[in-house]
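Quick heads-up: structures coming right below.
In what follows, subunit A forms one complex with subunit B and a second complex with subunit C.
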Partner chain A sequence: MIIKALRGFAPALVFGIGGLLLWELALFIIQPEGFVLPAPSAILIAFFDDFQEILTASKNTGFIVVTGLVGGVALGVAWALLVSRFRIANETLTPLAISLNAIPIIALAPIFNAWYGLLSPVSNQAIVVILVFFPIFINTTKGLTEVDATEIELMRSYAASSWQITKTVRIPNAMPFFFTALKIASSLAVIGAIVAEYFGGRQDALGPLIVQNAGLTRYTEAWAAVLAGSLMGILLYLVSGAFERFSMPWRTAAETAGA
Partner chain B sequence: MSDAKQSAVAVSGVTKVFNPGKPNEVHALTDIDLSIDEGSFVSLIGPSGCGKSTLLRLIGALTHPTHGSVWVNDKSADEARLDRDYGMAFQTSGLFKWRTITENIELPLQLMGWSKSERKERAAEMLDLVKLSEFGDHYPRELSGGMRQRVAIARALSFRPSLLLMDEPFGALDEMTREHMQTELLDIWEKTGKTVVFVTHSIPEAVFLSQRVIVMSPRPGRIASDISIDLGHRLFETREAPLFFEKVTEVREALRFEEGSA
Partner chain C sequence: MRLGKNRRITRWLIVLALFALVAASCSSDDGGSEDLTPVKLQLQWFTQAQFAGYFAAVDQGFYEDVGLDVEILEGGVDIVPATVLDSGAADFAISWVPRGLVPREEGLNITNIAQVFQRSATLQVSFADLGIGGVGDLAGRTVGNWGFGNEFELLAGLRSAGLDPASDVELVQQQFDMLALISGDIDAAQAMIYNEYAQVLETVNPDTGELYQPSDLAIIDWNDVGTAMLQDAIWADADKLESDDAYRETAVKFVEASIRGWAFCRDEFDKCAEVVLAAGPTLGESHQRWQLNEINNLIWPSPQGAGTMDTALWDQTVTIATSEGILNAAPTDGAYVSDIVAEALANLTADGVDVTGSDWSPKTIELNEGGE
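This part shows the complex of A and B:
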């Protein structure tokens, strides 16, 4: 089982380590100025040197990411359920969702800071919620509405109620769509949180850590904080994938990976 | 009318127009009168666009007539649908891929509020009827096309509806599987005594299965011929019997006449 899992990861591992080695080697040969691009080994050393600071910052940013993600997912799913169920909701809430998404959301960060206070994490959470909401809403709506016509007719022939159809057909049908969106949204949440933190919110978080380090020309340390953000994104992606597999046992491993 | 109401299905003066008054208006059915006896096996056959599927869907109250009325078991088709008088099977099995075979068969029972143990018992009985007892815990994707259709039939019969409405259920199967499924379906029909309305493109299929073949003509859809078939209990040899060929020829002629005049 473990060997089989390792074999699955092997190509990615070899590719990744090979890439890092090439990066290291290229920098060793070219010897650019330190601010252009530090070597992976230097980033890794900085990561462990500043580990406590990065860990605290990651916890704070992680809190924003996870709460924002949960909020955005809840909002997106609820909105999708409304829109797929009621025509009037579809006619009013869908254009509203599209308009919300058309706003350059990151540009709202300074405004949200004014609303919630410069050092309040709420403005950061709000950014993440709005950012996550849209892909979840669009994909889940698609999954809830693009149901095989035969399946709906069958349900009608059983005299199923609208809610029964939603529960037994539409929601399971939407699951793959939802999880595809969740994988996109989890990375978006990390990006959104860090960029929002550039403008305000808690100062002991990844965003400020990157800004401060870069400002002090400590580029390697800034990269180490970026690394922490990447690790967070990968972790969330893996957790989404695990949820996906767990909640859709009918799908083969290949189908889940391909989605 | 009182006479018609004795039948399992009574269609009288039914016309179906899609998109009435619009440029894409289609007269799918015109002046259909059809009465189907309880417990009989009736096929609807005709070329594409003759409205045979529409007629089936009208009987099943999945769509409603523009004019005329559809009575099923002395009720309006809609009332019959709400009373769950219909079991339906389509060309695509319509099995839910996220449910195991047993869970698929249990679905209508679950919607009707049956207890878990009752559902389990009935599903096992149905799986036995379609000879798929070992496959209860499998997912649909693990079954062949023919097996999936058998599950769809089991599901349609699980709540013991009085009517079985089938829309080309074997249309996507290969010839050998198809003949096998026809025999199985007749077997189930003889065991359960349901009224079956069966839509098909295939002349031999219609003749082999039915007591009555309703031949339909297209544009607008109407009933061209009503052919009774009395082949008795169907056996493997039935397909090779002279009477079988005679009836196949009769249906084919009825269809050719319509194509010629259309």
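This part shows the complex of A and C:
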């Protein structure tokens, strides 16, 4: 089974490691006069040199990411359930969601800092919630509403209540859509938290670490912090995937049967 | 033989062209007076009186007099003067010394050719009623700073008072305004005496209905604490200085005309303030006048001549940089050079320009709300 799993990862591993080797080799050969793109080896060394600092920063940023993600998901799912059930909700909440999504973070971040206070985590969590909310909302709504009509008719013929229909038909139908959105949202959450940190707040977080090191031309250290952010995003993606597999056992079975 | 009509026209055209060519080559003999060397200067921040000398030198034609056509490039939050200089996008750059030394250690070969500001202007500002009289009082407080290399004096100052920046104070990333201080989010905020400090004094105190007064504020001056680091200096490309004689000559002329500009701003305060305002700064007249006055206070008097390196303060800057871990080691030779500014000062003195400003004294400037 392990070999099977490894075989699944093998192409990705080869591609990834191959790419890194190519990067390292190219810099070694070309020796550009710049320093803007450091070699992967230099980045790794900086990552371990600054490990304590990066770890603390990742914890602080990670806290915002996870809490914001949870908040955004809760909000998105709740909104989607409302919209799929009540037509009035659809006509009022959907346009509102679209407009909220259109506001750029760069405008919102300083406003939230002013509202909630520079040092309060809420100002950054709010940014993450807004970013995460929209994909979750749109996708979950789609999943809840685009259900096979015959299934609904069947349930109606059983005199099922609205809630029973939702529970047995709509929600299971929506789950694949939801998890797709979750995977997208988890990387958005990391980006949102880091960018929100650019606008003020605590300095022991990934955002300031990246931007300040870049401002001092310490690009290797900046990339090391970027690496930490990427790892966080990948971790969240894998966790989302694990949740998916756990909550939809029927799909996993179908997938492996087909493969 | 009778030529065809076309061939005749072609012949005449050729003759005409040759005539024009000869005429053009003859007329270029007028001394090349329009042959100015184009120079780009990268500022460290947005247009404001902090860079008045350079704007004045452009406006008054000092650069043109030495044969330079200077274009001033405005700075900003994400613009790193050292990289702009090193990439060749600018010929000279204004940068604080630590912000020039760190990139230099990272491999950008730049050098300080004129130390324009003789003193540091960074303050830590708090409201007087919080009782933050000295560095030691910052313990347990929220202390704002801008990062990006502006925080080193603060960190060294904290350590000099026996405080650990990571645990004894709460360091906060401050925006480039004083709103967080005024709203109470930050106890002690970072401010330049010539800029953000004035921004507080231009704000109305809701309790009194009048502008905040200096007596409402308590300041910590890093010059007094002993952890001040050198700031605005003119930087040049060290490789080019060595290999390109024309560039070195341009550097001397540039420094010379720039110092002449700063002398103008010292002697003709009002005219200089107008030059700055004409350049389109964000903040208004009273703010720029305040700023110009404070900038003059950083440059003059310059007993050894404006732009000359104060070696004691250089050593202090380097010591702090290395002990704070900003630099891995003391900078190698050539981090600053004295010959270019010495030559420029000699030229200016020979021309009767006062380069020490020993008679200068600061004015009192009244601020208006919002800096207007």
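Going forward, the second predicted complex is superposed on the first by the 247 of 259 C-alpha atoms of A that agree within 3 Å, B and C clash if a C-alpha of one lies under 4 Å from a C-alpha of the other, contacts with A are read in each partner's own complex, and residues count from 1 in each chain.
We take it that a contact is a pair of C-beta atoms (placed from the backbone, for glycine too) under 8 Å apart; a residue touches a chain by one contact, two chains touch by 3 or more.
From a predicted model like this one, the values you see are computed outputs, not experimental measurements.
Looking at the shared chain after the overlay, A:118 reaches subunit C, while subunit B stays out of its contact range. Once chain A of one complex is fitted onto chain A of the other, the partner contacts of A:248 are limited to subunit B, with no touch recorded for subunit C. Of the two partner chains placed by superposition, A:8 touches none, neither subunit B nor subunit C.
In the superposition on chain A, A:168 makes contact with subunit B only, while subunit C stays out of contact range.
In the superposition on chain A, contact is made by A:157 with subunit B only, not with subunit C. Of the two partner chains placed around the shared chain by superposition, subunit C is the only one that A:208 touches, whereas subunit B remains out of contact.
By the touch criterion stated above, A:19 is placed in contact with neither subunit B nor subunit C. When the two structures are aligned on the shared chain, A:148 is found in touch with subunit B, with no touch to subunit C.
Those residues of subunit A that touch subunit C in the complex are listed here as 35, 110, 113-114, 117-119, 197, 199-204, 208, 211-212, 215-219. Per the touch definition, subunit A reaches subunit B in the complex via residues 148, 150-151, 153-160, 164, 168-169, 172, 175, 248, 250, 252. Here subunit C touches subunit A in the complex through residues 78, 80, 82-83, 99, 102-103, 106-108, 142, 145, 147-149, 166, 170-175, 179-180, 183, 185-186, going by the rule given at the top. Taken together, the subunit B residues at the contact with subunit A in this complex read 57, 60, 62, 81-84, 86-88, 90, 92, 94, 96-100, 107-108, 110-112, 139, 141, 159, 165.
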